[in-house]
Structures are given as C-alpha cells and as structure tokens.
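Multiple structures follow.
One chain, chain A, links the two complexes that follow: it is found with chain B in the first and with chain C in the second.
Right after this comes the complex of A and B.
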C-alpha cells in the first residue's frame, strides 16, 4: 500500500474556519486519517491567541466584543494579528512519527516549508530558534502542538502585513511600550510578497519528499466534518476564548521573534522599558512619569546594567533579571 | 533525597518511573502518589514557557492528560502514569515552570493523585535502583543513537 500525504487546499475561508478547519483535520489524523498538508487564506482580520494564553492580555478596545474577533488555538505561541494577505499552511502527522525532542520535531516539519520558500525565490532559512527568517527578519509565524494523537505545525506566508494593527492588539502598559513594540516589529517582521499558488505547489512537492509520502488531493472525512461543527461552536465560546488564567507576571513583555522582545516593569514607582535583541540592549528608558531615553544604541546587557546602576541600583538589578528571562 | 547521575542525567533512584511518558512517581504510602517529569522529559521538552494542570478533584485514567506544557511554541500533554483522583497541584510550578527544569525531582513536582488502580498499574512503572539505572542508561543510549540527545 502506498502511504499518502493528503493535500487539502481550502482556498479563501472566513476567520473562524481558518482556525477550526485544521483543528478538525488534526482530530482526523489522530483518529486514523492520513498525514495531511493543508492550506487556507483568511478573508478577514482577527486575533489568534495561543493555547496557554488569555484574552485578558489583549487590548479590549481593539479586540473582542468591540473589535476584532478573537479565537484561541490549540497550539502554542502568543497573540497574533491575522488578516487577508496571509496564506496559512499546516502539516499534521501522527504523534508517534515525530522526534522526541520538540525542537527537532518543529525543525524537521518546518524545513520543507523553508525549501518551498526557496523554490519560489525567497532566500529563507531556519535560524537557531527555529524561526523562518530572511536575513534577520522573521517572515513566517509558526506554532506547534499535539492535538489528540496528532502533531500539528502551523506556519504562514505573509504577502502583506499591517504592523500597526499587529502591534495594537496587545494590552500595552504605556504608550512608549507599544511604540517600541511596533518599532521592533517593523524592524524584525517582514512580509515576502509571494505567488501563493506557486508556494502551495512547492510545499506539496517538498513535504511529500521530506515525509516520503505520495501527495494525493483529499477532502474532509465525515468524522472530520463532525469535529468541524463541534469546533465551530467551541471556538466562539467565551469561556474557551478567554483562555487560561495566568499567574500575574512581574513585568510586561511582548515577543517579536525569537530573542527579540520588549519588556516594561516598575520598581518603587519608577518605570523601566527595555528592548532586547539577543544579548544586546537596543534601547532602555526609565522614568516615573515619562520614560526618558537612557540608552539608544547597542550596549551589551552588562553594560546597560552598569549604566543604569549608576542611577538606580534596584532598577539595574531588575533589568538584569528581566534580561535573564527571555520569553520562551 | 539522593540523586545519582546516569550518563550525564540526574536520576532519583528511590522513585518509580514511566519511561513512555517520562514521568516519575513517588509513593507517599497513604494511597497517594506524587508525580513529576523526569530529567529526560525535561531535556527533550526544551525551555518551558507555560504549564497548565487540571483542578484538584479531577478523575484521571492512566494515559490521560493531567495538564499541558508549552516549550518552543509547542503545546503537548502531560500524561498521567497512573489512574486516580487529583488531590493536589503544585501551584508554584504553574507560576514558575522553570522549577521543573531546575529541580525536577523535588520543587518541580506537578500533581498528587489518590490512586485507584495501584496494584494493576504499578507493573507499568520501573522501580528499584538497579532497574532504574539500567533503564535510564538504555533510554539515553537509544536517544543518542537516534540523535535526540547529543553525545
């Protein structure tokens, strides 16, 4: 018997279905459907939050009842803004076929997508943090998870991206923090205008070869249709959407890509905001009312801690602690 | 509590282990067990970002998830190695998942169960210092051959 890679291109779908369709496929693969590669393009903007995250992290004036629909997915990562101009792909395989080490599993299941980017003329690569990058810019959001007995890796091809809208969805503690988040996002997240049909054709070929499976066009099974109907209801259930209660964090932080993030914290009434890129501090602002710039260069973390320490040793200690705990 | 090193991995030889799910089990001798993740599970998970566990009172069958963890944007289940009712959850690791990595056998414990099928299910666990050491060594060797662990 020939082992198949089921290919389903759903084309344009509404925001809800751009989430529930592939979750239904995951339950199907978990119950015996063949490994599957699926594609879809959302036709409307919405916000997606990771399984372990909460809608309470979002700006209520932008998201939820008064704004963008919010859907909580069953894979990881943080809040993301999704809109037209993005092609989503999902590779779904039985959990027994993936590597024991999670990072290795993600790498293997994203590598064919990177090859597909290359096939359509985009010199993408996978960096050490398993981000799909072009140079140092992230060009594909990804997340993964085990749903039932299937593992899903999700990614996207970004033809166009509204950085301002994407930076507006999170509840930021200050104007400066939101501005810094937007600055980092503009610097480190790039769309890569792409012919989606060409990418789909390339991904089909690359995943088929990498998984040693024969690509065959397919469709939802009756069982998957039932899962889809159930998931369509679940994903709009306010309790589900609200997500997981998270223990209060000692500081606010927002990740742009692996190793690049902004954090905001307060100690003794004085605020601190820092933008970090790996081991370097891109900017550091402190102040009790307005946050004034202290560093706007590329000092190392120890240098920044020393500079801040000359002004406030407790804040310097806090900066050191923040820098030592990047978002995973 | 004494730990030993087996091929570079910390092991508590007085515990029982489920090598399918990489969970350890401590018999608390009053019908309850304490459960956590072993050092190989910690190593293969990556840096833990989030942990969620079921509420006390939840009834579990062996093989069912008692929670989930997220590392490297990958969400996966925490699987119960025994059947029982959850009687305690370690709130400390929920707010600080890094404890599971830094102290997997003590402060990093996850849940306590009142076990319901101890006699039938204990045979799925590996216990006894010599057997535990041998199975850890075997698993580490397998993982190294598969490239899961670096030499």
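Right after this comes the complex of A and C.
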C-alpha cells in the first residue's frame, strides 16, 4: 500500500477559517486521516494568540478600533497580527512519527519548507532557534503543537507585512517601548514577495520527499467537517478567546524573533526599558536622563550591568535578570 | 537511583512508559508527574495550564498542557477520575521546576481515580519498568539532561 501525503489548498478563506480549517485537519489526522499538508490565504486582518498566552497582552483600543477579531490557536507562541498577503501552510502528521525531542521534530518539519523557499529563489535557512531566516531576518512565523494524537507545525510565507499594525496590537507600557518594538520588527522581520503557487508546488514536492509519502490532492472528510463546525463556534466563544486566568508576567516583554526582544520593568518606581539582540544591547533607557547617559554606549549586557551597578545595584540586578530570561 | 543514558527511573513509583508519565499512589489518590524522558523531550518549559481541582478527566485525557519552544502539548492521565490538587504554585515560582526535579517538586497533579485498577495502559514498576524504559529510550534515541546539568 502506498502511503499518502494529503494535499489540500483551501485558497482564500476568511480569518476564522484560516485558523479553524487546519485545527479540524489536526483532529482528523489524530483520528486516522493521512498525514496532511495544507495551505490557505486569509482575506482579512485579525489577531492570533498562542494557546497559553493572555488576551490581556493585546491592546484592546487598537484591536477594537481596527475591528480586529482575536482567535486563540491551539499551538504555541505569542500574539501575532495576520493579514492579506500571507500564505499559511500546515504540516500535520501522527505524533508517533516525529522525533522524540520537540525541537528536533520542529526542525525536521520546517526543513522542507526552507527547501521550498530555496526552490522559489529565496535563500532561506533555519537558524539555531528554529527560525526560518534570510540572513538575520525572520521571514516566516511558526508554531507547533500536539492536538490529539497529531502533531502540527504551522508557518507562513509573507508577501507583504504591515510592521506598524503588527507592533500596534500588543499592549505596550510606554510610547518608547512600542517605538522600540516597531524598530526591531522593521529591522528583523522581512516579507519575501513570492509567487504563492510556486511555493505551494515546491512545498508539495519537498514535504512529499522528506516524509517519504506520495502527494495526493484531497479534501476534508465528513468527520473533519464536523470538527470544523465545532471549531468555528469554539473560536468565537469569548470564554475560549480570553482563556483561563494566567498569572501576570513579572515584566513586559515583546519578542520580535528568537533572541531579539524588548522588555520594560520597574524597580522602586524607576523604569527600565531594554532592547536586546542576544547579549547585545541595542537600546537601553533607565530612569533619569543622567542614568541613561551613563550607560549609553554599553554594547553588551554584562557591560551595562557593571556600569549601572556602580550607581544602582538593584536596577543592575533587574537588567541582568531580564536579560537571562528571553521570552519563548 | 536507577538510570539509563542519563534518564532516571526511580523504583519507588509506577510508570506509563508510552505516556512518559509516573504515578505514585497515596492512599486512594494518585500523584502524577512527567518522567525524566518527558522533560528532556519537551525541553525548557515556558508555560503550563492545569485542569483545575474538581474537574473530571477521562482516562487518556489531559490534566495539563505545557509549552516549550512554541510547541503546546498535553500531559495525559492514565485514569479517569477527579483532579483534587495541582502543583500550580510551584510552577508559578519556577516554571523550570519539572525540568529540574521531575520526580519531586515538579509533580503535576493529584487525581482521585475512579478505578485505580483500570489504567488506560498498563503501569509498570521496578525492574520491569526500568527495562521497558531502557527499550523506549533506545527506540527514541534520547539521553536525558536536567536544567541544572
């Protein structure tokens, strides 16, 4: 018997369906449908938040004013702004067929997508943090999870990207923090204009080869249609969107890509805002202009901690603590 | 401590080998946690959401979901029953507690099994558990490490 990779290209779908369709497929694969590679293009903007994230991370005024629906996905990662001009792909396989370590499984299930990027002329690679990058710029968001007995890895091809809108949906503690987040996003997140049909053809070939399965066009099963109807209702249920109570984070953090993020915190009434690229300090503001001047030019976290520590050991300790805990 | 390829398999409890889960009976209650293999496969945890005390769970259902490296996955219970206690406070203090101490402070939930003699999969103990886990560790090709290593 030939083992199949079911291919489903849903084409353009509304925001809700761009989430619920692939969740329905995951339940289907969990219940015995063949491994599946699917594609879809959302026709409208919305916000997607990770399974474990709090809706309180979002700026309600911005989301409300823009009329952006919020959908909670069943895979990981943070809040993301999704819009037209993005092609989403999902690879869904039985959980028993992936690598034991999650990081290894994600890497293997993203590698064919990287090869497909290469096939369409984009010199993408997978960095050590499992980000799909072009040079040092992230070009594909991804997330993963186990839904029932299926593992799903999702990613996207970004033809166009509104950095300002993407930065605005996250509730920021200050104008400076939001500005810094936007600056980093513009620097480290890039669209890669691509012929979506060419990418789909390349991904079909690459995933089929990597999984040693024969690509066959398919469609939703009746069981998956039932899951879809249930998920369409679930994803707009306010209880689902807001989720369970989650303890507040100790400080505000916004991730741009693996290793690059902005954080804001206060200690004893003094604010600290830092933008980090690994150990490198891209921007740092602490309390008064005088303190900020003092540490200006610090290029690394240890250097900034040392200089800050000479004036305020508690703020130096806070900076060190923030830097040691990059967001997931 | 019994161990294989760095993966500890303490002999003082039962194991759902396929589920990478340990079970320790405490009277009519069962304390559940991830094994060393489970925390190694997962990598550094970044988030956990528990099924709350008072909730009923089915055998093979989820008592918690954990996230690491943008991956969300369930922790399954081998028994149907009621959740009576969760280790939320410990994970709130240190989200890596199960990565550091999966068999101690990093336990997940305590449930009251409806029928402790009817787990979804057989629970193994002692030498049998270790040998089964050794085979699984080889099959998965994992070597365990803890966060403090």
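Rule of thumb we're sticking to: the second predicted complex is superposed on the first by the 313 of 328 C-alpha atoms of A that agree within 3 Å, B and C clash if a C-alpha of one lies under 4 Å from a C-alpha of the other, contacts with A are read in each partner's own complex, and residues count from 1 in each chain.
One rule holds for everything that comes next: contacts are C-beta pairs under 8 Å (C-beta built on N, C-alpha and C of every residue); 3 or more make two chains touch, one makes a residue touch a chain.
Just so you know, these numbers come straight off a predicted model, no measurement behind them.
Peer 1: Mind checking the superposed model to see whether chain B and chain C fit together on chain A or clash?
Peer 2: After superposition on chain A, which the two structures share, chain B runs into chain C.
Peer 1: Taking the superposition as given, does A:34 touch the first partner, chain B, the second, chain C, both, or neither?
Peer 2: A:34 sits against neither chain B nor chain C.
Peer 1: Touching A:52 in the superposition: chain B (first), chain C (second), both, neither?
Peer 2: In the superposed model, A:52 contacts both chain B and chain C.
Peer 1: Check whether A:145 is in contact with chain B, with chain C, with both or with neither, and answer first, second, both or neither.
Peer 2: A:145 contacts both chain B and chain C.
Peer 1: For A:287, is the partner it touches chain B (first), chain C (second), both, or none of the two (neither)?
Peer 2: neither
Peer 1: Applying the touch criterion given at the start, work out whether A:100 contacts chain B, chain C, both or neither, answering first, second, both or neither.
Peer 2: In the superposition, A:100 touches chain B and chain C alike.
Peer 1: Do chain B and chain C touch any of the same residues on chain A, and if so, which?
Peer 2: 50-52, 74-77, 100-103, 105-106, 130, 142-146, 244, 246-247, 328
Peer 1: Name, in rising order, each residue of chain A that touches chain B in their complex.
Peer 2: 50-53, 74-77, 99-106, 130, 142-146, 244, 246-247, 327-328
Peer 1: Using the touch definition from the top, list the residues of chain B that touch chain A in their complex.
Peer 2: It is residues 43-50, 52, 68, 70-77, 94-95, 143, 146-149 of chain B that touch chain A.
Peer 1: Residues of chain C touching chain A in their complex?
Peer 2: Listed in rising order, the residues are 40-43, 46-49, 65, 67-74, 92, 140-142.
Peer 1: Across the complex, what residues on chain A touch chain C?
Peer 2: 50-52, 74-77, 100-103, 105-106, 130, 142-146, 244, 246-247, 328
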